[in-house]
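Both complexes below contain chain A, partnered by chain B and then by chain C.
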Partner chain A sequence: MTIPKAYRKPYILAVALAVLALGTAIVLVAEPVRDLLASRVNPEPYDIERMVLLYATLPRLSMAFLAGAALAASGAILQQVLRNPLASPTTLGIDAGARLAIAVTTLFIPSLIGFGRDIVALTGSALSTLLVFFLVRRRGFSALAIVLAGLVIGLYCGAASALLVLLKDRILASLFIWGSGSLSQQSWDPFLSLLGRLALAVIPVLLIIRPLSLLDLDDDSVRALGLPVKKLRVAAVAIAAALSAFVTSAVGVIGFIGLVAPVIARLSGARRFGERLWWSTVMGGCLLLLTDATLQILAGVTAEFVPTGAVTAVIGSPLLLLLLPRLKVAARPSATATPQTAQAFSVSTVVIVGTLGFLLLVGLAVLAGRGPYGEWQISSLAQLDYVITWRLPRIVAAASAGALLGTAGLILQRVTGNEMASPEVLGVSAGAILAVTLALFVFGALDVFWRDVAGMAGGIGVLGLLVTLGSRSSISPEKVLLGGVALSALIDAVVGVLSATGDPRAFLLLGWMSGTTGGTTVAGALAAGLAAAVLISVSVLPSRWLAILPLGDSPARAVGLSLGRSRFLLLFLAAVLTAAATPIIGPLTFVGLMAPHIVQAAGIRRPLACVFGSAIAGAGVMTVADWVARTAAYPVQLPTGLVAAMVGAPFLMILLNRRVATA
Partner chain B sequence: MTLDDVSVSIGETAILKPLSLSVSSRGVTGLVGQNGSGKSTLLKLLARQQMPSRGTITFDGKPLHAWRDREFARAVAFLPQHTPLATGLTVRELVSLGRYPWHGALGRFSDADRQKVDEAMSLTSTAGVSERFVDTLSGGERQRAWLAMLIAQDARLLLLDEPLSALDVAHQLSVMALVRRLTLERDLAALIVLHDINLAARYCDEIIALKNGALVARGAPGDFMTPARLEEIYDVEMDVFRHPEMGVPVAYVRS
Partner chain C sequence: MDRRQFVASVAALPFLQQRPRSNPPLRVASMDWALAETMIALGHDPIAIVAAADWNRYVVEPPLPRGVADLGLHPEINFELLATLAPDLILTSPFVQDLEPVLQRIAPVQRISIFEKSAVPLAQPREVTRVLGDSLGRTDAARSLLATADQAFDGYRQRVRALHPLPVLLVNFIDARHVRVYGGAGLYQNVLDRIGITNAWTRETNYWGYSTVGIETLATDTDLRLIAFEPVPPDAQSTLARSPLWSHLPFVRAGHVSVLPSVLMFGAIPSALRFARLLVGHLERLSR
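Moving on to the complex of A and B:
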């Protein structure tokens, strides 16, 4: 079979990127350099321009290339070892751990920050990585388990530090900038120290290239070739984690490069792992350099305040979207290796037990609370009337949103066969965020109604985009996922820039994004409940497709399933479910990610049972989250969406930890 | 099933040279040939898994693309060469999926459906493992589970791509006997890709041989099993003798 010409030359894209990046950098430094050379003739004793060039601009550009390259290498290794094109340092919770460590230390032991912020960040990353390993130790360090544990820990740390920021915004405002990755430099020292640390990792990376290339085969074949898969996986994840932790500790969280560079390298034709690693490193470096130099030229002096990490997606996403049509859909070796030994629960068992448990939760959430002076109390029947009026609407709204998102997540994970798929990834939430952001900045303050309208409109806009893309050809799930990721990252970048500028509206936005159920009216609760009831009933209809599609394309077609149409309808359904939930709870709950995994970890597998189970699990998590949000920091109301991650994640961690590998 | 001047090529390489052929609508037909001779491609074309580069295929006088998805699946069942692991499904659930073309996404899973599933499992002797997970079965059990799904599909034409590859001798014989019995009792047709020419000779009504993407021979086993023809197909010197008890032709490699 011949390989199309375009697929053979990753260096064309790499050279183009390099030329662009260097060109932009040269434009940036051309004038100061000319002045510098001219001043050689009659040097001035104190030349600010010269000092800025030598001790700020040049180190910053070097830092950009180095950080981009290291993150891309880390992402390439992770995508290979975890066999998932969505894996990246961010999804493994490495930078979320660093961020939480810095937030906690700033609040409670500020003297440690003075001692060395990078040490604190490194410790945080190391702890979160170790926790991932700890959680998966009993499941044979399987790729699927690592991905799940990384996601859960990342979510947990992310939600925890976001909560801290919301509660202590004055103290932690600087975390915003660090958290979005600022490349500003005042000397060469950070660059040199990062270079030194990364140099330590070069030899392990080189040593691991050949064993990692074997992972293109499935686990059994790799083992048959005499490679200890478990040890390799642990070593590779540890090396990748070290690479990105070094970068994070030096410059803060720079997301997306670690995901996009390896994907771009693959799409531009790097086939074998060695090639992919090399070209993603080069492309990642060039991409971040290009982003940073462009940012400095455009933003001028204010460049100091716009963190580069927040805008990497501005160049990376369009490039990814541009290359996406070239994606060859290859059946990736399945990440699931553990045979299911769990009992097969019937649909009725799941529904009955789940509903009973859920009602019990609702009852507790309604009755238990805190009185006017903050004391804990269980409401008596006499107070029921008043308690129901105030507490029930928000519980209903939260539970409905949880049920909607849980169902959406289940459908997405089944259709794409990717355990990392979630409503957030589909881009619907991102569309909602963008619309609300625009509305907020164009019209100033928004009341709840118009905010929800804007959110819905944004979600539906992305939905429309999906429809047009989807109706053209039979959809490949991997394309939809990567496209959604690119779109989300792009929109996140816009929001990140706005937040980092310190605009007070950014805090409004952050508040909405973290999902508040406090102001829910009775009408709002009824609407949410109705939407959930109707849409989840509809989701039951295609449950047979959810059983057939995971079998693979060929058997699905053989039993007469139209792949294009069924996939498209299911994706559309998931998007509608998400769009309905977003106005209620905000876009960042991750219930949609967690609920299907909770259901699976509980041993429920049948599609129909999974649909109901995920809906109930989502509703349950959100009910608890809403209760915690209402009572934990009373009288302050915490954002329910953020609390959901903090409630759901530990639950999932326990389930992960419990299950013993049978392989 | 009739092929009219059908060919498949990828780029410059012809996988299947222009081929006109009609496949019998009853009895067992064996498809033999070297590796890479185009057997699997031909089967995928007939199963509508792949579109021909040119030419048309008709089934029941109707071109393949004019069939609706489920209507076609009710008439033609296909077992791919590599069956997926089917993680997290029990054997019964897998076999039940074969009824999808009949009840569709929303239709009721009726008693008739359940009966077909039970029947298919007992025919393939998979009833004993019906509550086990497919991914915990042995290779042979798994292959029979997939075969059961195909039988539950209740189609008129079975397309099987190397259904015997994971089976021991006893199960190979029992699967071939089962296919033969089904074709007789239910008036079905089966087209089977086989590597064992002797099994083909024993159980098939007709054998079709491909080489380098072209048809080289077809005929009843008695006419087909000649040393010259076998050497032409496999490029190996072969000879044929009569089975001492059954009288069917048996081929062996000469040196």
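Moving on to the complex of A and C:
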């Protein structure tokens, strides 16, 4: 699929988008404007149409363009400075920081919200960005470290606010709307204050365009040109973070514009960074304006409240999927080369020490608990039957899911060479959520069995898609990741819309998505354990590939590895592992991201040892998470999947902070 | 007596002492607040409910009796605790029916639908009261609760007639830009219909009787009284005051904006009575 060179000029697409967006906006305001002009002659005392036009519709459309443009600029800068086509304001944890700040202040210091919701959000974004910088300060502010730290902080803040929402859903209903970015306006104040804030960022952005364009070269060449890479990176990330934080604080989270607009700009032929930044900004503004104007025209049709931020993701995800085949993922200088440390534990050491440690954890988790009055107790023999019925099964199930996801995460990160890869980017979990959502809305409430059947079916559907994709051509891991991200964003958006409307079924969905283990039966636990044992044994087989693939394409070919086939088989294996874990723990797969990093930070390098290590680390994290979930807020039980992120993320942050310091 | 039974009987002590009867009353756990509030109104307290910690903030009355165990939240019921309490019966609603396979391992489960559309106001809360009365062996208590409620509602209806109130717009401010507005088949609408007050929100709502909308959607030139339920977000008032769209609205200019305490939206007869009492009381204070 090629486009004649003559048409590959970014302004053609930009003009087309602009015409479309403006046209839609004009359709929206034409009638009120005409009436407004007509009523100049004898204005009524309170003309609703006029007031709505002047103080709701027009500020809203202006806000849409401004927010879209700023987010796209932020995304374009981030993708350039972090050299990662997946980078966007959301992946750096900027939104999640703001969300957590709003959740915490709403619950504990509501008077601060009265002082200014936008100030609270900005503070949250600033704190999370500072934390990212703090964590990567000893790693030379490397692009990879920034992305990873942002991801972890995003996960942590996201999980923390999701927990707060589950605990206090009524007070935090505002977070749902905020999280799916409603552009609804009742005055020009928010637009004007956003405009003022963004204006502050214009000069810094103009100043960093030139140095940033040089980043198309690798770090060493850039340094040879005399550019202070570290300082540049910190400055660029800070500016991008500020742009997106300003928007988020004004209207909430607008998904996907920051990711999709720069990608479209690049595809439409913007070569140099300066061009990409400019055209992304224009296209981002037009895209959001188009989306919002269309939404306002359609708003009369449905009684349901549909926030714009969620819709951008619903439209943007398929767009990204469509564009994927055309996206040239440039062979950039490999960013995954990590310093090899001298220590390399043997497979048997890993297995023995890991298993012993894990069993110790399980023992503690089974025995230590809280009684009916919340008192801490160690289970006695008299409680054996009760421990076996209610406690042991959930621990076994959680640990099995952790082992499955840990292994899946390891395989994915090795195959794609991307440390951000975690099982959910395969889209398997997204497929499962989509199927459960559909089933929930078509059939009403679901019992556990049918919910799991629906989840499995959704996961298998995505697997099938992967198989068709994979059998066609040699599969590009970058594209699989982008595809997975697009699918996940789509799902987030669907769930976001449901929650924002306040539909009670959204809470059922959120409950399931947060990873519950409470009612696991003995049979269910046995099945989970068996699935983990079998699938992890299978995962040991291709460990040689796991050693070779990260070295890059040419070395792999040199040793006679069929790249396409081995990659496809490994991706498929990771997908099967994920699909098996979904009915056990739901679609939350944070642990799959964390386990391989824990293993790496522990100094384990050999592929086979890594497979076992990741499985054990995953199981361990989930065991601890399950115990914390059961006891921390007794009698209230927390969802294990969310707690896993809360337990695992800080651990990962400490490791990140320490790792290179000792090397 | 093993330790588990001992713990169960200790936990049950307050209830056993409360009602010395020939037949010990059923030990009932409720997964739904509407069913729990109806039980309390029928004089048969549940031994355990979900989210007991939030009861006093959202349900408020009837107050939750002391000693009712907290089973935690919907998505993560504390099954260990529930099993320890050894209930005779567990009440669920269609909303939480996905829990039933697990609950059935602990005790028999009865599912009662608290929300159905119907032509007659409050038909479903009445039905819930009757069904619960029969299940708990308190048929007479159910009958007298309904009779008392009817009498009360008739009284409110008469008082409303004397007031000639403006149509009301019932909302919850979600943040400074959005409200949830009530109508449709919800409990509030049912009560309005029963006591003869007009709802100013005539547009469509979702199945459960509410809609989330941007505040600009409330713009209208008809006079009405806006009733916001607590809690009102702290930034709502100051932000709205700066919005010309809001401050020029006829009902805002006339000062027809009130705040009422929280009433359980998914409630039954007790919540309906609470809403009617709060609303009519408030309107009467205003007209004085």
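A few points about this structure:
Everything that follows uses one rule, which is that the second predicted complex is superposed on the first by the 629 of 663 C-alpha atoms of A that agree within 3 Å, B and C clash if a C-alpha of one lies under 4 Å from a C-alpha of the other, contacts with A are read in each partner's own complex, and residues count from 1 in each chain.
One rule holds for everything that comes next: a contact is a pair of C-beta atoms (placed from the backbone, for glycine too) under 8 Å apart; a residue touches a chain by one contact, two chains touch by 3 or more.
Model, not experiment: these values are computed from the prediction.
Applying the stated clash criterion after superposition on chain A shows that chain B and chain C can sit side by side. In the superposition on chain A, no contact is made by A:G357 with either chain B or chain C. When the two complexes are overlaid on their common chain A, residue A:V52 makes contact with chain C while staying clear of chain B. Judged by the touch definition given at the top, the superposed model places A:G196 against neither chain B nor chain C. In the superposed model, A:R606 lies in contact with chain B only, and not with chain C. Contacts of A:A547 after superposition: chain B is touched, whereas chain C is not reached. In the overlay built on the shared chain, the residue A:P110 is in contact with chain C alone; chain B does not reach it. Of the two partners, chain B and chain C, it is C that touches more residues of chain A.
Within the superposed three-chain model, A:P228 lies out of touch with both chain B and chain C [touch as defined at top]. After overlaying the two complexes on the shared chain, residue contacts for A:S514 are found with chain C alone; chain B is out of touch. By the touch criterion defined above, A:A558 reaches chain B but does not reach chain C. Of all C-alpha pairs linking chain B and chain C after the chain A fit, the shortest spans 43 Å. Residue overlap on chain A between the chain B contacts of one complex and the chain C contacts of the other is empty.
By the touch criterion given at the top, residues 10-13, 47-49, 69-74, 77-80, 83-90, 93, 97-98, 100-101, 104-106, 131, 133, 135-136, 153 of chain B touch chain A in their complex.
Touching chain B in their complex are the following residues of chain A: 1-2, 334, 336, 339-341, 344, 541-542, 544-545, 547-548, 550-552, 554-555, 557-562, 605-606.
Partner chain A is touched in their complex by these residues of chain C: 2-4, 7, 11, 53-54, 58, 69-81, 83-85, 94-102, 105, 172, 174-178, 180, 203-206, 208, 210-216, 219-221, 231, 233-235, 238-240, 242-246, 248-250, 266.
Considering their complex, residues 46, 48, 51-52, 54-56, 106, 110-111, 113-117, 166-168, 170-171, 173-174, 177-178, 182, 184-187, 189, 303-305, 369, 371-372, 380, 382-383, 386, 389-391, 444-449, 451, 500-504, 507-508, 510-512, 514, 516, 518-519, 521, 629-630, 633-639 of chain A touch chain C.
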